[in-house]
Amino acid sequence: QDNPKLEQLKEQGFARIAIANEPPFTAVAADGKVSGAGPDVAKAVFERLGVPEVAASISEYGAMIPGLQARRHDVVTAGLFMKKDRCEAVAYSEPILCDAEAFLVKKGNPKGLNTFADIAAHADATIGAPGGGTEERLALDAGVPRDRVVVVPDGQSGLRMLQDGRLDVYSLPVLSISDLMRLANDDSLEMVAPVSDAPVYCDGAAFRKGDEALRDAFDVELAKLKESGEFAEIVEPYGFSAAAAMSTSREKLCAAQ
Amino acid sequence: MEWDWEFVWQIMPTLLEGFKITIIATLLGSVLAAIVGLLFAVLRRSPNPYIARPIGFMAEFIRGTPLLVQLYFLFYVLPSAGILLSPLVAGVIGLGLHYGTYVAEVYRGGIDNVPRGQWEAAKACNLNPLQTWVHVILPQAIPPMIPALANYFIAMFKETPLLSAITVLELMNQARSIANTNYRYIEPMTMVGVFFLVISIISVFGLRWLERRYGRVER
Amino acid sequence: MIDWSGYLGLILQGALVTVQLTLMGCALALVMAFIAGFGRLSQIAALRWLATVYIEFFRGTSIFVQLFWAYFVLPLLGFDLTSMQAGVLALGLNVGAYGAEAVRGAVQSIGREQFEACVAVNLSRYQTMRHVILPQAVILMLPTFGNNAIELLKATAIVSLISLSDMTFQAQVVRAQTGSTLIPFATILILYFAMAMAISAFMRWLERRLTRGLDGVRS
Amino acid sequence: MTAPIINIDKISKSFGALKVLDNLSMQVMPGEKLALIGPSGSGKTTILRILMTLEQINGGHIQIEGEQLYHMQKNGSGLVPANERHLAKMRQKIGMVFQLFNLFPHKSVIDNVTLAPRLTKKVPRIDAEKRAMELLDMVGMADRARNMPAQLSGGQKQRVAIARALALSPKIMLFDEVTSALDPELVEEVLNVMRKLAAETDTTMLLVTHEMGFAHDFADRVLFFDKGSIVEEGTPNEIFSNPKQERTQAFLKKIIAAGHRV
Amino acid sequence: MTAPIINIDKISKSFGALKVLDNLSMQVMPGEKLALIGPSGSGKTTILRILMTLEQINGGHIQIEGEQLYHMQKNGSGLVPANERHLAKMRQKIGMVFQLFNLFPHKSVIDNVTLAPRLTKKVPRIDAEKRAMELLDMVGMADRARNMPAQLSGGQKQRVAIARALALSPKIMLFDEVTSALDPELVEEVLNVMRKLAAETDTTMLLVTHEMGFAHDFADRVLFFDKGSIVEEGTPNEIFSNPKQERTQAFLKKIIAAGHRV
């Protein structure tokens, strides 16, 4: 068939995927093995496409799309949520992992911050979010000034900064926040979830514009995976809802602002 | 991907905003390094080995390990010891400590270059140690060190992008943030390079002037 | 229960990458240092100019910016580099520019009389360099090269920011997976320091070897 | 009979394994002008440096005006090594002029002279400068008071150095080969200053020199050193015209052969 | 009559605004031993350095064995400045010994001597070393062949430097004050080597020296320089015993007053 990119991946025997350093979307075991919901799904689909291996490299959120454009990865499976402008920058597959947004705050939410709008309205509340991530955009769009949106490199840093009082809110998807709280085991923290002025987002595997043929082939196998129930077996142990991903579509998600 | 001048102009104010922080961090870092360096230099000369040795080891250790990791340490580990630093303060301390160890070497060289006869003349004039340092040794030792010191401060300026790793919104971090939101790396990254190059070229001339002005001592 | 020994293994894997980067970066830096250093000493104006541009450019723009440029911008211009290649390229070219000045300085500090003695025994320019000037100049370069190598080692930490899984990067991964900050960062600080010590020990050994039998020649 | 102003009592001094002074004793009377001569390496400089507390001694005692220099009384129970404070007090009595001048290059001539009085004795600037101008006038350098040392010739530098040492009005002045770093034509101007000084003040002076003629005119008493001990001493006439010891004779013969005037 | 081996034809040389040689001409015959004397700064060193191609000339011509030194024929159409290749060829005829020896400090004595023959003439190491040992033997340094220069005294270094210059068998040897950096007691050993050299070989030699006595014994002809031109020339007897020019007389008088033997 007419899919040179896929042929090339088959030839070399592996696909290069970009992942984030953020459980449970991705996880790195002590032996260095990469797992997590995103990579596991990608692995299953690529196997079905005849590409036996994936080579994962961890990347910052901000660096993923430029990295894709710079041909550093073949696909991003990192919880990079679909949004209109992202859909213009990359070619998404059908939805894979869905999650609502959450806030990590100090116990009792002392500043009463439950939405992005609350933060914008508050005089000096600071929010931490991954650089180039969805939450940074949401905060800026809600009108939080740049100097109160702190770009935090990774989850542990965000957690730390919140514990140390450098941040009032640390925002990530619900499952990521839960995982952070599990690791931290710190009862001076609590989670606000879901954040009401943020939609439920879903990510998809993000391909380079121009690799649509590969994306389409990926979609076909992904659909089969969802059909067979294997998909749910992969994502649900990590806490994700398979039903959420199956009840929506790329078309819908990309249309939303 | 094509170079887009319009985009460059659009991001310029943001970059300048970051540049301001870069300059502030460099200036504060330089002042701190100058002070820390003096402490290191003087303490390393201490006749008491229980002071000189650990200080010496500490300076070696700081000089032998990456500034980036030291910044992580200052920013993420110290709070568990109850020391909470704002990003900029942590960054300035990191720069100051790291470069202080280099600056200490410059001081040491400068001090060693003051002839022994000056120490002896000070003693023959019955000056006490503090007077000797303040009125005789340092005024002679410092001017020849100025070019070397300036050199390290310029080097420090070029390492300020590391502060972006601890969330300081300096030039590099602003550029990355622009790149992240616009999915364009070429213009912000190149412009950051241009900023650094321009300052560096200016500072090369500044250094030449300093060398002419202070490099030589007449005895 | 956290599998610390496993995560330590992860950090050691990163240490291997750091060592690789350092070795390859040093190799490239050494080559560039000699090319550019001799370029600046060349009688051909164009070569001198080219070498000066290279040196001032790479010393003038931050290593950090160069790395991001090599990683994100070069591919857009059609150069496909792995992150390892981008890292080695940026580190090697940057440190090479500093090394070039050491090469030039060392050659120039060999007295004019050595060049004249070579003319008097009718050696060609190449023979003069190869047999008389370089053997003496290399010894003078070694201390600076040692410092440059340590600077390069420290700069490798920056590659963690372009997702190359070096030691610092692995420490970040371990931190994210285990929630502990102190242990991974303290571990890598010690490892970096050990590597820096190894470099200076090696350079001292090399210097002793090369100066053997040359006692009292130059100080 | 008056008491000696300097009493050196069986001191010894080694650098590492090298014994430079061995059980040396000597006395100097107030106002006496003493010349120390002898071959190179015989320990002349070392004695001056010890008196100026620039070197430590390894054994023995030194008294200046009856007071211990390197030791001090500890509440009646005995002598202990002097602390810095005691040394600073004792140093007030002593000034020194060095072979290489050791002027402070970053200070003008007058500031070189006024620095020590102003800092150590808290003399107001105006008084210190008045006194400095008198001293500079005496050494013939008053018109150069605002110059920097780098603008002076060696002889001029040395004259300023003499004025600087005098500014603290020490009771004892030490001169270590103050002309041997000078070009021959500049030597005389410094020696003239010192002749004047010797004639006009009753400061005790110890002079190390290789200028035998000058030592002859200047000194009340000459000590001949060799290998860290005093081989012979006497008036200039005794030592230069009629040396008793063989080593003194040999030394003077060599000096004369080298063309120096005695 | 044979042709001169060196023909210097109206050369001039300036350093910036300073004219050091002015329209100077001179000839040297094969095998001649020439001494160049004259006050400091008169341009003696400059002439030797020009012959060794260490300085450029600003005008005039030089021929060595009838061949242009700084110029070369360009396909019949005239003279053009020489390129490096031509210079290298001409340099084969000339060797030079420097005031400060300029030995290669990182090479042993024998390697200093063999380096040039091995590199420039591709002499096999074994032959080069054999010849080097003969030369070192001649200068009395054979037993130090394996030493490094740092282990030698100044006189020994200079003798090695002479052997090094001889190793290329030049037709012309240039000596620039080869003893003036040596301690007095080491001068004679170097002069002895040069006397032997002068007697045993028919190499043309140009010697710049302030040792008038040696110049007298060594030279066939003496040139007296002042301010960049030749003021007087003649046999050693003519110049030293009976100088005609006032400037020569004044110079020799001053030298004698300074205690040098003529």
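In order of appearance the chains are A, B, C, D and E, and numbering begins at 1 in each one.
In this section, a contact is a pair of C-beta atoms (placed from the backbone, for glycine too) under 8 Å apart; a residue touches a chain by one contact, two chains touch by 3 or more.
Note that the coordinates shown come from a computational prediction; the quantities given were computed from them, not determined experimentally.
A.B. asks: What chains, if any, are shared contacts of chain B and chain D?
C.D. replies: Intersection of chain B and chain D contact lists gives nothing.
A.B. asks: Any chains in contact with both chain C and chain E?
C.D. replies: Common contact partners of chain C and chain E, which must touch each of the two, are absent.
A.B. asks: Can you tell me the least number of steps between chain A and chain D, where a step is a move to a chain it touches?
C.D. replies: 2
A.B. asks: So using the touch definition from the top, which pair is joined by more C-beta contacts, A-B or A-C?
C.D. replies: A-C
A.B. asks: Which chain has its C-alpha centroid farthest away from the centroid of chain B?
C.D. replies: E
A.B. asks: Measuring centre to centre with CA averages, how many angstrom lie between chain B and chain C?
C.D. replies: 21
A.B. asks: Report, in whole Å, the distance between the mean C-alpha point of chain C and the mean C-alpha point of chain D.
C.D. replies: 55
A.B. asks: Quick check: how many Å separate the C-alpha centres of chain D and chain E?
C.D. replies: 51
A.B. asks: Going by the contact rule already set, what residues in chain D reach two or more other chains?
C.D. replies: In chain D, no residue touches two or more other chains.
A.B. asks: Which positions in chain C are in touch with at least two other chains?
C.D. replies: Where chain C meets two or more other chains at a single residue, that happens at 72, 76, 161, 181.
A.B. asks: Which chain A residues reach two or more other chains?
C.D. replies: Within chain A, residues 63, 66, 69-70, 153, 156, 160 contact more than one other chain.
A.B. asks: State which pairs of chains touch, listing all of them.
C.D. replies: A-B, A-C, B-C, B-D, C-E
A.B. asks: Any idea which chain A residues touch chain B in the complex?
C.D. replies: Where chain A meets chain B, its residues are 61-63, 65-66, 69-70, 89, 131-132, 136-137, 146-147, 150-153, 156-157, 160-161, 163-166.
A.B. asks: In the complex formed with chain B, which residues of chain C make contact?
C.D. replies: Its residues touching chain B are 56-57, 59-66, 68-69, 72-73, 76, 150, 153-158, 160-161, 168, 171, 181-182, 185-186, 188-189, 192-193, 196-197.
A.B. asks: So in the complex, which bits of chain B are touching chain D?
C.D. replies: Touching chain D from chain B are residues 115, 117-118, 120-121, 123-129, 131, 135-136, 139-140, 217-219.
A.B. asks: Within the complex, which stretch of chain C touches chain E?
C.D. replies: Listed in rising order, the residues of chain C that touch chain E are 113-114, 116-117, 119-125, 127, 131-132, 135-136, 213-218.
A.B. asks: Please name which positions on chain B make contact with chain C in the complex.
C.D. replies: Those residues of chain B that touch chain C are 1, 61, 63-70, 72-73, 76-77, 80, 158-162, 165, 172, 179, 185-186, 189-190, 192-193, 196-197, 200-201, 204.
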